[in-house]
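My questions all concern the structure below.
A, B, C and D are the chain letters, set down in written order, and residue numbers restart from 1 in every chain.
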Amino acid sequence: MHLKEKLVKEFNEGLPFHRWLGIEVVGVEIGSVETQINWREEFGHYPGYLHAGLVGTLIETACGFSGLTVTDEKHVATSFSVNFLRPAVGDIFLARAQVTKSGRLQIFTRCDLFVVSGGKERLVANGETIFCVLPEA
Amino acid sequence: MHLKEKLVKEFNEGLPFHRWLGIEVVGVEIGSVETQINWREEFGHYPGYLHAGLVGTLIETACGFSGLTVTDEKHVATSFSVNFLRPAVGDIFLARAQVTKSGRLQIFTRCDLFVVSGGKERLVANGETIFCVLPEA
Amino acid sequence: MHLKEKLVKEFNEGLPFHRWLGIEVVGVEIGSVETQINWREEFGHYPGYLHAGLVGTLIETACGFSGLTVTDEKHVATSFSVNFLRPAVGDIFLARAQVTKSGRLQIFTRCDLFVVSGGKERLVANGETIFCVLPEA
Amino acid sequence: MHLKEKLVKEFNEGLPFHRWLGIEVVGVEIGSVETQINWREEFGHYPGYLHAGLVGTLIETACGFSGLTVTDEKHVATSFSVNFLRPAVGDIFLARAQVTKSGRLQIFTRCDLFVVSGGKERLVANGETIFCVLPEA
């Protein structure tokens, strides 16, 4: 396990909200991260649909993890956005985030969210997160 | 309690994720809704900061409730976005959402998220949600 | 005419694209700016509708001007977004922008775009622009 | 030249603002479109930088063209957003748009904007446009 993978996994496991959600970090490369969760009834919005706020959480979180892989500088989220493309209904939700541009002042990331079912992936949402790099104190 | 207030409160109380968060509906007018939660440690991202995904959840949820007050048509979220303006640190988080435009096909809403402390409000985030009105079956 | 008003007006008049559009700066306060243009046939998208790119231009530009009023630091646009609320059809388009939050690293702004007709204003679009403050060389 | 290519090119050539910009449609496939413009001094924002509003225009326009290739239904823009990744400085600007999801009620599209120089492409901005499909009269 390389250094950045260790960092992302430890950060993920340290957050109680991520543990409640059961977020698992399933892939870490420099510039891209995959996470997934298993559906539970208590995540529902309309019956069987993953709550829009949790769709956003999975996207923003995976984006943030991808940012961790490209810089050691401290950075915070400026903004994030989510598009709901198809009903977020399924047993496994897989978030695949990547860094679009990592700069000195800002990091731009994007993420696709898939439902995995019977070994097939279906894109149900996508989104973006922009991070602002904090100057050293 | 008018009809729409009843509707929003029942919808809120029916969702397990909202009960976990402790979302309380504190104001319902036609076109605007206020909700709030009390901080708990398990909501944290960085120590003491409300998780970005929960900031998004509070904003998207209050936007959705405001949409419920202006139409009886079924509608689903198209997209939402969130801006992080100041550190989301505090004991009480108050979301104040309003409908910007309610049309035949789409509903545009926006929301400000405040930290309330010592009776004073501080704007920490804002965001938008767009909904698509579903045609009758 | 105060210093910031002079600055915004000179910046506006110095840009050939703004002169082609006929952007007029009609109000400058610290934290808010109003601009307007008069409709011309060549601005059309669908017949009689202001081109979506020009709706965006008016919003981004007014946001940028509002940013100029709150800081002397050099800043550049990170992102902007636009919502199309009603048909952008009319003789006069009025953009009213304001700073939501001006910080050390970032400036958040928003803008409403109105059609003015017979002395009445109708909101046709709104949007946001985030700016990143550049560190001194 | 297939039917959709003809449609997009005719739509493009019919718009005075596109002719002023010199937008050329250089590729049309079902679900994706490429357009480009040549830099002119009058497009400037800061010296040598393509105006943010024109960056938005190129992105929104190419997104709209990609939407035309996947449906015959009338549709209008709901919202669009733009991220500024690198300085938009160059002689040729190439917009590459694609449809992310085309549904019965909505069409989601995205676009990358490149500067082309010496045969090499550099990503300078990206963005999204959502369209709402209009019901038949």
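Following the convention adopted for this analysis, a contact is a pair of C-beta atoms (placed from the backbone, for glycine too) under 8 Å apart; a residue touches a chain by one contact, two chains touch by 3 or more.
Predicted model only: the values in this text are computed from it and were never measured.
Colleague: Where the centre means the average of the CA atoms, what chain is farthest from subunit B?
Modeller: D
Colleague: Of the chain pairs B-C and A-B, which one is connected by the greater count of C-beta contacts?
Modeller: A-B
Colleague: Measure off the straight-line distance from the CA centroid of subunit B to the CA centroid of subunit D, and report it in whole Å.
Modeller: 33
Colleague: So the centre of each chain is just the mean of its C-alpha atoms; given that, what is the distance between subunit A and subunit B in Å?
Modeller: 21
Colleague: Can you compute the centre-to-centre distance for subunit B and subunit C, using the mean CA position of each chain? Integer Å is fine.
Modeller: The separation of the two C-alpha centroids amounts to 28 Å.
Colleague: Enumerate the residues of subunit D that touch no fewer than two other chains.
Modeller: 78-79, 81, 83, 130 - these are the residues of subunit D that touch more than one other chain.
Colleague: Name, in rising order, each residue of subunit B that touches subunit A in their complex.
Modeller: Where subunit B meets subunit A, its residues are 15-17, 20, 41-45, 51-54, 56-58, 60-61, 64, 76-84.
Colleague: For subunit A, which residues count as touching subunit D in their complex?
Modeller: That would be residues 81, 83, 85-86, 100-101, 103, 108, 123, 126, 128, 130 of subunit A.
Colleague: For the complex, give me every residue of subunit B touching subunit D.
Modeller: Interface residues on the subunit B side: 78-79, 81, 105-106, 130, 132, 134-135.
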